[in-house]
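Two complexes are shown next, each including chain A; its partner changes from chain B in the first to chain C in the second.
Let's turn to the complex of A and B:
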């Protein structure tokens, strides 16, 4: 039997303030080393922290609530002491540790217990090769989520982490591309647990878990005893190495931070955060499937909050399956090509709905609609008015299309022959020609019907 | 009255800032080698500043007044050594909040003053740069840890000075050097820029030759700052005159030198009569716990605060550069903070501090002022450093105010064996304290030669 628990560290996305946790230094990933620093985040003698960034506190509260945690309304920062070149003050300010009051505790997410949710500051970046310390990162707000050892396989961990990231991205607490760092605890067959430090991607986490299960199994079969200890992050070959045993575990000598008051979270702040929380992604997936969507469509639409919410509103007006098809395929294609996030495109939802309504009522062809969707990401306009003005409406009149069909048949006799010889693809070719002649406006069903009819008719005449 | 008159002369231009600074620089040059009050004299900076001030509109609450700054408060560009070799490679990279406020009100920083190393001392003798001499009683220690600030004011090197007070470090040397000193209520003055001794007890405060100067400097440096989240948000009030004053048998019992207590009592009775203060007696149960509760807090917080002096940035690793008392506190703090003790000692000490605070809070609902000595004995002879236990007990009158987070101030009240003795007042509010100190200041002015 395998038991796995995670300590997950992620950067909080500071969209509103774009500032560090205890000072006003901006958060900027691409700044030159040591250019966004102040006496606080470099730990100058005599400097003191400012009150923690309110946005960071709110985000951790939102995460705790999303993970069904009980929220502690009293926040007490602690000093976690250790001696390392990346730590300017000689201690890290964190809400975790002995005697701590976690921001959130006793939560649960997709059947995995959440032990604690915390807020803490990131240390600086130290390069052991050059000795350079870059304090730009020092003081970035981090969230730490500690699970119970409820996982039983690496596959389960993978799916769960992916889902967790989607959930946290729903509340814009953690950016999906910012990456996470995990301390992974693995225990097999009731042996003492072994911790692997600082594993920094989902793929590496899966490999570390599988490797550790194998390692413990091999150790036991060769007669060794598994003892509680900490192992290094996987090296270039994916191997972890012994770091320290429980006996030599670091003593962080936690004390409550004397330079900060105890922060009291007002009840009404919690209530207002709770009110803004979106529905969780996995619940959306279930809901979407009930609306008739395939599991894969449901999952893709739920993977991004803006997309999911757009779908929900569109599906109120038009057929959900048609809406899903258009949003999942055509819209995502356009969004991906734009290299922006959906919510950054500033799409006018009303016009999207208008366009899809026209598709649903077959007032425009799919081809025209797809072109219009692309144009809608560039500028805002009413598709209905535009179609009317430009004469882009669907052509379904049989006499009009009949002329086109006859022209195509006359000009493509070899394709006609192929079709008559039983090659269905040849009909598609002919249809494409008619569509092109109509500038994409011909109603495909009618064209197909007319082509078949006219070819058969020509046959009879002969 | 000295400070008030001087300020008027500077503001009216009767005395130019440059002239004033030059006179003091000359005195420092002559006498500092003997007194050792200044570790760094900002000669050039001060003259440039004085010149600028003379060209300006002669405004600001501190216009043209000069300040000595304890060497644990950051002034940009000056060596902030904490009187330790640990910080050999450190110069202030920024201004402490108090320095910004002083500059904004026209004050002139004259330099950095000597102190007990990392403020861990009561005598001014434990500086890595040699002891400060008591200018008023040269055979005795000047007191500490703000020894240089007190001596500099007493001898007239500067008009006012900043000190820091964690367990009496402003009041003790003020008493021994015969000047006025005040520890404001915790949170009244921003600590941003003050190098840590014990973060939940440290407070920056003024030292001055008279109560006017003390109140003036307090008024400039006090107030909320977002740079120190522990600062109080309520506004700073003007001085308020007290109506009642208490003496306490609990404190009388702590005074080893009975001559000191007699002098204090005599002055309290005289001032109460003259100023129509109602005199009451109050007892305190927990003040005897103060010294025992104080050291676990200081050790623990000092250990934490000094972790940044790991030898990677500012000079030498503190454990390798510091004196015995500093090391004692660091090692003690390390042991107390160990996980195996589960924070027991620190937390227990904080609880004791809370009990003491509650007791004072109750007391100051009944009275405005509490009077007592500053130290239980006269300052010891230079070079005769007492044992750590005796030195710790020496703070018995000053520590309770820090543990309770309340304000306390010292005014000179006479000489015993030609050695200055300061009378200490505790109060619930800073403005009441300053009002009371003013009363005593007036009385002593009128009665002392």
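Let's turn to the complex of A and C:
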């Protein structure tokens, strides 16, 4: 029997106030080492912390509510003591540990218990191999989410973490680009738990769990005792190594932070945050599937809040399956090519709907619509007016298309022979030629019908 | 007094303190200081331009703008 629990650390995505937690130094991931520092975040003697960054507190509250936690409204920062080179003060300021009430507790997300969510400051970046320390990161606001040991496999952890990150991205609470750091606790067959520290990607977390399950199994098989301890993150060969015996809360000597007042969460702040919380992604997936979407389309559309909400609005006026096809395939292709997020493109939703209505009514071909969609990401215009002005409306008149079909048949006799010999692909080739001649405006179904008709007619004549 | 002896004494004091601390189930007083304001409002970032160079000048050893600290000390 395997039990796995996670302690997930994520960088809070600060949008309004890009300041550190207890000082006004900027949050800038790409700055030169040790250039965004001040006496406060480097723990110089005599320095005192500023009040905590209000936006960081709000983000942790939002995360706690999204994970169905009970929120504590009286919060006390504590000093968590340890003496590594990454911690200039000798203690980390955190809303966790003995005597504290975490920001959120007793939550649940996708059947996994959330023990607590709390806010804390990040230590510096320290490379134990070289000894180099960069204090730029010292004091960044971090959220720590601690789960109950409810996981039973690495695959379950992987899927859950991916879903969690999507959920937290919905409320723009955690910076996805900055990644996550995880402490992974693994216990097999009721042996004491072993912790693997600072595992920094989902792939590495999966490898660490599988490796630790194997290691504990091998240890027991060879007659060794599994004891509670902390191991290093996996090295280049995927191996973890003994670091130290497991700390307890006592080892950290938690004491209330005397330089910070009690953090009171006003009821109206909590209510206003609750009102802004979106529907959770996994609930959107269920809703989209009920609208007729395939599981994969539903999952992809729900993976980004802007995309999911755009789909919901478009699907109110367009057939949901058609809307899903265009947003999930064509729009995402354009968004990915732009290397921007959907919300950064400034798309006019009204014009997207107008374009898809024209597709639904077969007023333009898919080919022309795809071109217009690309243009809509570059500038805002009415697709309907543009199509009328440029004469891009679909050509469905058989006499017009018949001329084009006959021309293509006359110029591509070898493809005609291939088609007659049973090669269906040859007909697609001929269709492509007609579409090109019509500049993408020919109605594909009509073209196909006319080509078959004309080829059959030619054969009868012969 | 040599460094090792001071370190041993310091560890002994801390260990004793830990044992006492561990016996406390509940603190006999209300924790934390009360103040009218407990969160910082939104504001612009500030950089202390001279501080970085002063800090690095005072460091015993630097490399690539980083302070060189202990290696492999967990």
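In the analysis below, the second predicted complex is superposed on the first by the 451 of 462 C-alpha atoms of A that agree within 3 Å, B and C clash if a C-alpha of one lies under 4 Å from a C-alpha of the other, contacts with A are read in each partner's own complex, and residues count from 1 in each chain.
Everything below uses one rule, namely that a contact is a pair of C-beta atoms (placed from the backbone, for glycine too) under 8 Å apart; a residue touches a chain by one contact, two chains touch by 3 or more.
The shown structure was predicted, so the numbers you read here are calculated from the model rather than taken from an experiment.
Once chain A of one complex is fitted onto chain A of the other, the partner contacts of A:99 extend to both chain B and chain C. Once the two complexes are overlaid on the shared chain, A:79 sits against chain B while remaining clear of chain C.
In the superposition on chain A, contact of A:244 is made with chain C only, not with chain B.
Of the two partner chains, neither chain B nor chain C is touched by A:399. Looking at the shared chain after the overlay, A:90 reaches chain B, while chain C stays out of its contact range. By the touch criterion defined above, A:235 reaches neither chain B nor chain C.
Looking at the superposed arrangement, the partner reaching more residues of chain A, out of chain B and chain C, is C.
In the superposed pair of complexes, A:253 makes contact with chain B and with chain C alike.
In the overlay built on the shared chain, the residue A:50 is in contact with chain B and with chain C.
Across the superposed pair, chain B and chain C both touch chain A at residues 39, 50-51, 85, 99, 251, 253, 258, 260-261.
The part of chain A that touches chain B in the complex is made up of residues 39, 43-51, 79, 81, 83, 85, 88-91, 98-99, 251-255, 258-261.
Remark: chain C residues 14, 17-18, 21-22, 27, 31-35, 37-48, 51-52, 55-56, 63-74 touch chain A in the complex.
By the touch criterion given at the top, residues 72-74, 80, 82, 87, 90, 93-94, 96, 191-196, 198-200, 226-230, 300-301, 303-304, 306-310, 312-314, 334, 337-339, 342-343, 346 of chain B touch chain A in their complex.
For chain A in complex with chain C, the touching residues are 16-19, 24-27, 32-39, 42, 50-55, 57, 76, 84-85, 99, 126, 128-135, 232, 243-244, 250-251, 253, 256, 258, 260-264.
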